[in-house]
Amino acid sequence: MTQAQEPILTARGLVKRYGRVTALDNADFDLYPGEILAVIGDNGAGKSSLIKAISGAVTPDEGEIRLDGKPIAFKSPMEAREAGIETVYQNLALSPALSIADNMFLGREIRKPGFLGEWLRMLDRPAMEKRARDKLTELGLMTIQNISQAVETLSGGQRQGVAVARAAAFGSKMVIMDEPTAALGVKESRRVLELILDVKKRGLPIVLISHNMPHVFEVADRIHIHRLGRRLAVIDPKQYTMSDAVAFMTGAKAPPEAALAA
Amino acid sequence: MTQAQEPILTARGLVKRYGRVTALDNADFDLYPGEILAVIGDNGAGKSSLIKAISGAVTPDEGEIRLDGKPIAFKSPMEAREAGIETVYQNLALSPALSIADNMFLGREIRKPGFLGEWLRMLDRPAMEKRARDKLTELGLMTIQNISQAVETLSGGQRQGVAVARAAAFGSKMVIMDEPTAALGVKESRRVLELILDVKKRGLPIVLISHNMPHVFEVADRIHIHRLGRRLAVIDPKQYTMSDAVAFMTGAKAPPEAALAA
Amino acid sequence: LITKTDTNPFFVKMKEGASAKAKEIGVDLKSYAGKAEGDNEGQVAAIESCIADGAKGILITATDTAAIVPAVKKARDAGVLVIALDTQLEPADAADATFATDNFKAGELIGSWAKATLGDKAKDAHIAYMDLIASQPSVDVQRDQGFMKGFGIDLADPKKIGDETDARNVCHDLSSGNEDGGHTAMENCLQKDPDINVVYTINEPAAAGAYQALKAVGKEKDVLIVSVDGGCPGVKNVAEGVIGATSQQYPLLMASLGIEAIKAFADSGKKPEPSPGLNFYNTGVTLITDKPAAGIDSIDTKAGLAKCWG
Amino acid sequence: MSVETTKASGPQEFEKTLAASDTSVASFDTHSRTPLESIQHRLHKSPAMVPLIILLLSVILFAIVVGGRFFSPFTLTLILQQVAITGMVGIAQTLVVLTAGIDLSVGAIMVLSSVVMGQFAMHYGVPAPVAVAVGLLVGAVCGFINGILIARVKLPPFIVTLGTWSIYAAINFIYSGNETIRSQDLETNAPLLQFFGNSFKIGGAVFTYGVLLMLIMAAIAWYVLNHTAWGRHVYAVGDDPEAAELSGVRVDRMLLAVYTLTGIICAIAGWALIGRIGSVSPQAGQFENINSITAVVIGGTSLFGGRGSILGTIFGALIVGVFALGLRLWGTDPQWTQLSVGALIIVAVGIDQWIRKISA
Amino acid sequence: MSVETTKASGPQEFEKTLAASDTSVASFDTHSRTPLESIQHRLHKSPAMVPLIILLLSVILFAIVVGGRFFSPFTLTLILQQVAITGMVGIAQTLVVLTAGIDLSVGAIMVLSSVVMGQFAMHYGVPAPVAVAVGLLVGAVCGFINGILIARVKLPPFIVTLGTWSIYAAINFIYSGNETIRSQDLETNAPLLQFFGNSFKIGGAVFTYGVLLMLIMAAIAWYVLNHTAWGRHVYAVGDDPEAAELSGVRVDRMLLAVYTLTGIICAIAGWALIGRIGSVSPQAGQFENINSITAVVIGGTSLFGGRGSILGTIFGALIVGVFALGLRLWGTDPQWTQLSVGALIIVAVGIDQWIRKISA
């Protein structure tokens, strides 16, 4: 593991309770620059809660998060995005009735230059549509004829593509993806994986949550194993097999000390 | 392929249009007794539409469906269920606020014997709860303490378990499952697969829609490949590889004549 | 013809009277109404429709007598004769003429009748008021305050209900002017003070409701109910002793007088004159009771039934 | 065909290890509950508890503030009489709201039915039982029309009943010619119409048959909702109509039945209304839609459907009744009553929400 | 560690074949469209088209039935005057409904604001502009309170505004003492309050400043909704609040802003109302909530949020205005008007739904 560098994001002792359920129970987390970190764990282990805490979608009850060494406390996903953290949520977070372009620029709209934009706050539709189209073609993700069609008219795979493209296009610090391929077919999943590798090439670190072991072992640089609300271990996919990972994750085997310390 | 027997269910020339989208375009379908038939295809190929047409959830615009050789035209899922066809839908179809037992017996409640049940139509709660618990333990699926807790308090995996158990418990002719493991973890997916094999052992034919090729090839007796709204081919997983199946499904390769005829 | 609502029998009868008269003398009549008591905008819109329709004259029972004035002015500026029925506008000369009951007088009549009937007991009467609605439209205030004046209660602000300090006023509640409301309001007041012996009601349906509530607790004999309107069901109720006395008004008369006035205006341009000494044409109110009290003019229910409406 | 390792086979390599995996259901350390939390949890379990507690508290409040005049059997049963109509309509409204609907036309249906009963009995000379039956039929037809538009044409309930509210109210006024039928006339010609106005006493407490009717209807509705398949289906439809349809509930039939039943219950309430006010008045019941929705809402039933109870609605109606009478006895103006009912709605729902959130 | 084939590696064997896969997006044979279907499709694209067509049809209908008295510039502009207030409140209601909310308190806020303006100008002797400003502030505060309860306390909008409707209406009655401020008094002391009652003529057409105000407000609201980020966020919030929150919209701030703005717009409508009726009446506006919701609904805005337009609402208000005046001129009873508005609501929404379904 190449841990010479400082982690770009660290979290320590995160706790999040929902009523009587403790979804995060003293969870830790580290992300290093330029890596793909996979997060695996059983259903309900707290993976989504973990990344929601990091991306500002929920506020943890306890614990500390540091971005580039500085403590941060996002109050909303907006703030996390402004800090350069983009997230593809498990439920996509697209507005069905808005167009593809509107969705991609939601919360960071481009305004017309000059008086119209400054004072009348008029949106620059053509500019947004052009940039949205550029992004989508650049990422080679889709052949969508009409960038202003409503998201609800897209197929599941296409929607997933829009969400991933949005995150990849705007993330400047890191991109988080929560089960981006769960509902996708073989071909569509492959595209998303390629996109993840693309984003990595551009130097951005990625957090990938997935239940698909072959995919995880194919792309991940490190694997964070989550169990019962906390980080159980971090392993290097080149040193451990899928069987090992699954055994750790499900409690069939205890992870070695080295991995625990990681 | 063991096609000496007559198919239990056949569909010919199904067409289903949603506004300007043709989701089913002359689709055929055959299910033989006691087999596990996998249905694979790209996102939006029309797999869910196909099984919805069979299970009465949508009424096809054209085409004919025969059960045991007799033409049928279900007007609601209720009728299909009464004919012995149980379905686990992609979106589960559980009522969040109702209890596990209520959900399992929804639409086929057990009434108290005698006057109370006949005349006052009183439900036999204890009987339903007992049978629900029996089913769940028999299927070895879960360790749920309280059979009368609301489904919304269950984890995703547990909910999936309830839906599958319901279908397995009541299906007398066939069980259809639409991507039952999409949202599940490694361990939970495994349980569902085992359950499918269990159901098959009881002699019931099963239709399994899945994007997970290793799973499909592990359990399926035949594989129905769906493409662009119609059945492209049916292959035997023992004669073809996953690569072949994926190539047919995505249009990378044309299937051989033999498979087309199947 | 623009009435406050077209659900209250009083206005329905007025409409019927007007239509009958209009047919008789060959006038084309259209009726409008507010959606409910207090719907001033509805009446404004109705006046505007009349202007657009090229009407010669408008008969209106204003729901908000002050607020309607600008719209009335618009109509008069457009050359339409505007006659206020039932209630005067504020100011009264905002309309070309008024054919009205004096609602304050109507209240006063039943107030003094009640006082005279009670005799000595009037000094420590327990009075409950079944008023109309929370927004206190002008009929509501005038009848209520008129009753107090007749009964000899200090009014404080005569434009406001409920600011009096007289201890005899034990309860004010809202009846919505219908049976259900009168019933509930009476029950509430009885809880507040079981010794109530005088009940003022805004109209006869409220009185009927109040009677039911009293009957339920067996007090119907001990309580004097007075009311306003003089509709046939109400007069019958007086005859049967449900209501002690009621002030009868004459909507049919108002309406037919109004129609005639408009016809006259349309034919000759002559505007109607008010009753001598008043700033409106008084269509009169008469106290109806079978137990006349000394010094107060009244007619009995037989005579009342002959003149009743609805 | 190329020979690959990926051909039909057993579980993938990594899945084999699962045999040894932890079989316990993931359970977290449920941090110990404070007394407050366990109260919340208990309240959460039985949804009618919150309105019941608010009801008791408000009775105690007014008993202290107003004293014996309020806290007497007579007064307390009087409140029952005053809320009986709203309670009945509230039962119907609860059914509708449980299916995630709303019915703004309930008051109009109620009055129209009562007017039809009165007109038939008095003017067409039909026997009173027949008149009542015709009135109930009218209620059923009104509800059925709502149901068709909602279940078959699939228009939103709010819009359908906003429209039919206008329509039924207009028909009521046009048909009745705004004529009130007097109590005395009914008494002589069709006393059956006033049946629910009769009462009996137990000590100081007075119960009208109307109150009994409401209690019986509430009991039946409670039984049906909780102990029959039909009742469970009402909840399922409101919870998630698509899921209900797919798991074997005929959603459109259920909706049609619920709205039709609502019409019938409103017609029964119309009959009881004649008993309460003695006469037949086309002007009654104008606020019954808002009143019944208020009772449902204060009673803790969710406007999103699928959660709530009949008992809650009855308690909700009683809470409003207690406040209205209590404030009146305390001597406040009617306008203050209106203000406090408004505040009550918000506070009651606020408490309910708070309990749900914290004790999930 | 055991050496397995499943250790970190490239794509799985079967995925390698994908390189050759069909790269076109799945496209079905879109069966050729009939003329009807293509009309439906076009109507579907611009949501305000349906109400516009209904509006034109109803104008034509009454022009034929009633004739020149109806189809004159005077009458047609009169309709504009009559719907100006409902139009303004409808603009506010549209904003709220687009966020999947509803505001039952709009009428009460409007009247309370106008009463405050009147009372301040007449009784506290403050200059008219200050009185107007105070009135607007009151509207803003009322809206803000709704907003806080909905956005922060997270209570359902229907319930919150059901409660505040009672509260604001009661405050209005208590504060005003039911006193109407007469037109003459306003004219002499604070003519500014009547500003929007002024009018100018173009031929037979009469335009009040109130009508202009409504048109300007509609234009601004249209611009904001369609051409600013804030407007897009209104739609996003109504469409799926959770998705909006996660993709960077501050949902609670948006809701707070929308309800506060609604309060301000209602206060402006209250000012215009003084101009329209000339005086300040605490009894006005009782039906403005139902009227504005009716306009929104007929205008094709979905009560589920996220779909609809300001133009539709204005057309919706005009349709009701055309029907009301047209039927009056035709000579029908008010009850028949009420009946036909009820039917209109159902038919308009029915057509809208039908178009949406078929042309998906």
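Every chain is named by a letter (A, B, C, D and E) in the order it is written, and numbering of its residues begins at 1.
What we mean here is this: a residue touches a chain if its C-beta (ideal position, glycine included) is under 8 Å from a C-beta of that chain, and two chains touch if they have at least 3 such contacts.
The shown structure was predicted, so the numbers you read here are calculated from the model rather than taken from an experiment.
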Partner chains shared by chain A and chain E (touch criterion as defined above): B, D
C-D or B-D, whichever has more C-beta pairs in contact: B-D
Centroid comparison with chain A (C-alpha atoms), farthest chain: C
Relative to chain B, chain with the most remote C-alpha centre: C
Rounded Å distance between chain B and chain C, as computed from the means of their C-alpha atoms: 72
Centre distance in Å when chain C and chain D are each reduced to the mean of their C-alpha atoms: 37
Geometric centre distance via CA averages, chain E-chain C, whole Å: 38
Junction residues of chain C - those touching two or more other chains: 6, 36, 134
Multi-partner residues of chain A (at least 2 other chains): 42-45, 155, 186-187, 213, 241-244, 246, 250
Junction residues of chain D - those touching two or more other chains: 4, 6, 12-15, 18, 21, 26, 173, 333, 335, 338
Contact pairs between chains, per stated definition: A-B, A-D, A-E, B-D, B-E, C-D, C-E, D-E
Residue numbers on chain A that touch chain E, as the complex places them: 57, 76-78, 81, 87, 89, 91-98, 102-103, 106-109, 111, 120-123, 142-144, 155, 158, 166, 186-187, 190, 193, 213-214, 217-218, 220, 237-244
Chain A contact footprint on chain E (complex, rising order): 1-2, 4, 6-12, 14-15, 18, 21, 23-26, 223, 227-230, 232-233, 235-236, 239-240, 242-250, 306-307
Chain D residues touching chain A - in the complex, by the definition given at the top: 12-22, 26, 28-31, 33, 37, 41, 357-360
Chain B - residues contacting chain E, complex: 17-23, 25, 42-45, 213, 228-229, 241-247, 250-253
Chain D-touching residues of chain E, taken from the complex the two chains share: 4-6, 12-14, 149, 153-156, 158-160, 162-167, 169-171, 173-174, 290, 293-294, 297, 303-304, 333, 335-336, 338-339, 341-346, 349-350, 353
